[in-house]
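I have a structure I would like to understand better, so I am pasting it below and will then ask my questions one at a time.
Which chain is which? They are A, B and C, in the order written, and residues in each are numbered from 1.
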Amino acid sequence: MDINTFLAQFVSGLSVAMLLFLISSGLTLIFGVVNVLNFAHGSFYLLGTYFAYQLMQLFNNFWVGLLVGAIGAGIVGMVIEILFLRRIYGRAQEGAFQLLMTFAFILILDDVVKFIWGPEYKTIPKPDSLMGSFNMGSVMVPTYNVFIIVVGLLVVLFAWYFLTKTDTGKTVRASSLDRVMLGLLGTNVPMIMTLVFGVATAMGGLAGVLAAPLRTVTPGAGVEFIIDSMIVVVIGGFGNFWGALLGALIIGEVLSFGILWMPELATVLTFIVMIIVLIVKPEGLLAKKAVGRK
Amino acid sequence: MRKKRWGGNSTLKKIKDYLPWIVYFVFFVGILVVNPGTHYIHLVARVIIFSLYAVAFNLLYGTTGLVSFGHALFYGVGAYITGMLVKAAGPEYFLLFIILGAAGAAFVSIFIGLLTLRLTGVYFTMLTLAFAQLAWGLTFKLYHFTGGDDGIQAIPKPAMLTGGVTKYYIFSFIIVTICMYLLWRIRRSPFGSVLNCIRQNPQRITFLGMNVYKNQLKAFVISAFFAGVAGGLYAGLDGSIHPDMLHWPTSGNAILMATIGGMGTFFGPVVGAGILTGLEEIVGKYTEYWSFCIGVVVLIVVLLFPNGVLGIKKISGNKNNEEKETEVVCNS
Amino acid sequence: MKRKLISLLLVLAVLAPLTAVYGAETIKIGALYTMTGRGGQYGKDSEVAIKIALDEVNAKGLPGGAKLDVIITDDKNPQYAVSVAKRYITDEKCKFLFGIISTAIGLAVTEVSKEHKVIFIGTDHAGTDLTANKFQKYYFRSSNNTFQSMMAGAYYLKDEVKNWKKIAYIGPDYAYGRDQWMELKWGLDKLGVKYQVVGEYWPKLYEPDYTSYITAIMKAAPDILVNGMWGGDTVSFIKQAKPYGLFNKMKYFHVDAGGNYEALAALGADMPEGIIMSARHHNNWPDTPANKAYVQKFYKAAGRYPSYAAEGAYVGVHMIAEAIRKVGNANDTEALVKALEGMKIQTPEDPPGFTSYIDPKTHQIVQIQAIGTTVKNDKFPPAKYMLGNFKIYPADKLWPSFEYIDYMTKVKGK
């Protein structure tokens, strides 16, 4: 395989990875800080796309749609956390209940979206400024894909800065380590958890809006992501932000090159990778502590 | 199984113990007596097969405290082994093929259990999901062998069971009841108590000199075996199987049925299977928004009836000691 | 006087329910459609078209003053669909099974139809199996199968596209995707076309991101790229491929479901011009009064233009009505089967001078296929491009092909 093919597949794998990262980062954040396995994360992606679609129908401005989609998803996320998720914290078998409750929300939100907007396929056009593509050597790269990669990196940088350099960020990290202690120190832990949940679901919604011009807006779009984003989070390590990035990169590139070398197996490759990681290092590639009891 | 002691009156206590079995027989045999029509017998046949699936799952979930999100794998493997054997070799040895299907599921579960049980909590859950999805993907991909997305159709029943669903229902009922009885005995055996303790306080079990991992693995394999029986039975019911039987919603259904009915009780999953199947039937008839309705029901159960239908008496009173202890352990 | 009035009212009160009993019998059709998720639009559109057809059929009248009615349930998954189909037969006493979007579910339900000897009219799923190696005599299909689309496609590639050699295929990794490719290759081989396959790509169904596939295809540089996707996948793929200039570097060929209206509507101005596509029903072809009237009726009822699935459902209802009229009742299943075999039925997609008919040996509707290229056309908003420059392929050249049925039986089994 010559360098051009390699480069082309590498770059395409990168753009796949970035979008996957944006979705999975929210998932891993929720797990790390709020300790919730948000099975319904794909539904916030879905909400993001539909809010943006509705906004574009009214105002035809992609950037406003981006904002509204993300914030809208975040608000719905916070509402769900306050009204529903909070009630099951601390229960015996909490994990199962989280799974069931978030599963219930997938079912509910999917139908709500279908009821409001109908079952037809819809799309959101790319903003004019991001149409077209340019050549990187012999490799053609669509401008929009580069935009996604840039946004992904910005999110990473911002999150790193926030979590390590700011006080609030440190509080957030503390709450993932020891919720009870933090509460005893006087921090309003429930509020932090709600905020983090909101931010994470907003990221899911943001991913939805960013992806929408490349894909179809349709009920059922959220469910497809659940398994893929879970794989990324599992590979990278639950609760580990950088792990989500690494996991997404691995999956994106494995798929990209798998298509060239083993086209028949491409679809099962992700599971195989996940299982290998889980056998070799069950807590995820970048997680530091060994797996403890939940 | 938590049971109140009824003073020293042992016959009354025995009746209370066996009361669920009496209700079970009354319902599942009674339906034949009442004979409300082919469709409802078919519906109850599905309920009873799902009941076995859910009760087998609950051995792992409600009793041992392991949330497996990949149980559809064993159900599906049982169904596919049975279905493919019957299609290849004819239905004379149908029962044998069901047992082979279950054995296949149990065999697979040994490897999966060895790998997944090293982890706990959400990691365990995710890994079981991963394996189930891999199996689903493989079933899809190996279409020359499994029929892939087309599934396998026209699986014949043994001659003695053809002609109306009632005969197959009786057959399923007998098989399921035998399996349920075995599971019931397992649950009430010392082994079952150990599993219960593993759920509540695993450290204590280690202090008592027993191996948590080994016992969990045993439970895993037993649970997989009976889930495989359920799958094999289903293959014969409509003569039609499909990779969807291994897909994650089928695993989710097991958790749902056990939770709705009451994961802390033995017959809870049976009730849950009945409720979920009945709900799908009714809701599907009247609205296309069945997703929403089922979602709302699940939400209500999770919020208000976490102990399920059979555990309702627990929502009002204070948490008993077991639950308080479990919460402490879970949250540390 | 008062007494007479009261007795008259009493007599009427007694007789009225009797007229209900002896008068309008309701013949029930039990339909299964996907109403949720990705396939939801097809179910919804079919529902609208069914209502339109029912109104037409009941207005024209049926023997004995009977009325036709349809019950629709979401089919969810094959196991559930089978139990609903059985319920339709045993509990709701439906005389016909109807519909179904997914071939997998169709294959499961056709067994129910066979076992219970109830006529099943498939209106959407296009897996050739059901009218080929998995044929059973109670099954009929009112829309074309993938073989008909791909055979027409083979003719098109032979006659209309010059100087091509390298061909690649991308399709969803399941039976529908695989069978189309098998059928196209078989057709090309039959017509003696020489070609070289430079790549086969199998993304999973509903794959959200085709980027890596697109770069691989660009590298393989085929002359023709055949696509076997449907619905939202088509939309995603075209959107993602456009910035790479894929449509300029190769001829894009998507003749079973590519040109379906819902994809055209979703892509709007993003649709590349001049790509080769077809659909199972076109809203803008043929330009006959019948097709125009059907499309307009649908638009009035639903507020949007129909996807192809609706036409299959519409034709299916009319097929059942015609059969009942021929036989005189809805109870003699064997007679109804005979009535349907060979039945000529005018469908909205028939160009002038041609009437679709049901092949008696395979129970597959035989229709003309039209393959065209995308041209600017905003008569059917929100689509900005529709198909045009149609090339027509006569129905009997496309089906039945007993040679292919034998081939399929060998490959896929009975």
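One rule holds in what follows: a contact is a pair of C-beta atoms (placed from the backbone, for glycine too) under 8 Å apart; a residue touches a chain by one contact, two chains touch by 3 or more.
What you see is a predicted model; the values in this text were computed from it and never measured.
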item	value
Centroid comparison with subunit A (C-alpha atoms), farthest chain	C
Between B-C and A-C, the pair with more C-beta contacts	A-C
Centre distance in Å when subunit A and subunit B are each reduced to the mean of their C-alpha atoms	32
Centroid distance [mean C-alpha coordinates] between subunit C and subunit A, Å	37
Separation of mean Cα positions, subunit C and subunit B [Å, integer]	38
Sequence positions of subunit C contacting 2 or more other chains	35-36, 43, 173
Numbers and ranges of subunit A residues touching at least 2 other chains	110-111, 114, 264, 267
Junction residues of subunit B - those touching two or more other chains	140-141, 291
Touching residues on subunit B, where the partner in the complex is subunit A	61, 65, 67, 69, 115, 118-123, 125-127, 129-131, 133-134, 137-138, 140-141, 202, 248, 252, 255-256, 259, 263, 289, 291-292, 294-296, 298-299, 301-303, 306, 323, 326-327, 329-332
Parts of subunit A lying in touch with subunit C, wherever the complex brings them together	4-5, 8-9, 11-13, 15-16, 19-20, 110-111, 114, 118-123, 125, 131-133, 139-140, 142-145, 211, 213-216, 218-221, 223-225, 252, 255-256, 259-260, 263-264, 266-267
Contact set on subunit C toward subunit A in their complex	35-38, 40-41, 43-44, 173, 199-204, 206, 208-209, 211-216, 218-219, 231-233, 235-236, 239-240, 243-245, 262-263, 265-270, 304
Subunit B residues touching subunit C - in the complex, by the definition given at the top	37-40, 42-43, 46, 140-141, 143, 148-151, 153-154, 234, 238-240, 242, 244-245, 280-281, 284-285, 288, 290-291
Of all residues in subunit C, those that touch subunit B in their complex	35-36, 43, 72-74, 76-80, 82-84, 86-87, 90-91, 103-104, 107-108, 110-112, 114, 127, 129, 134, 173-176, 178
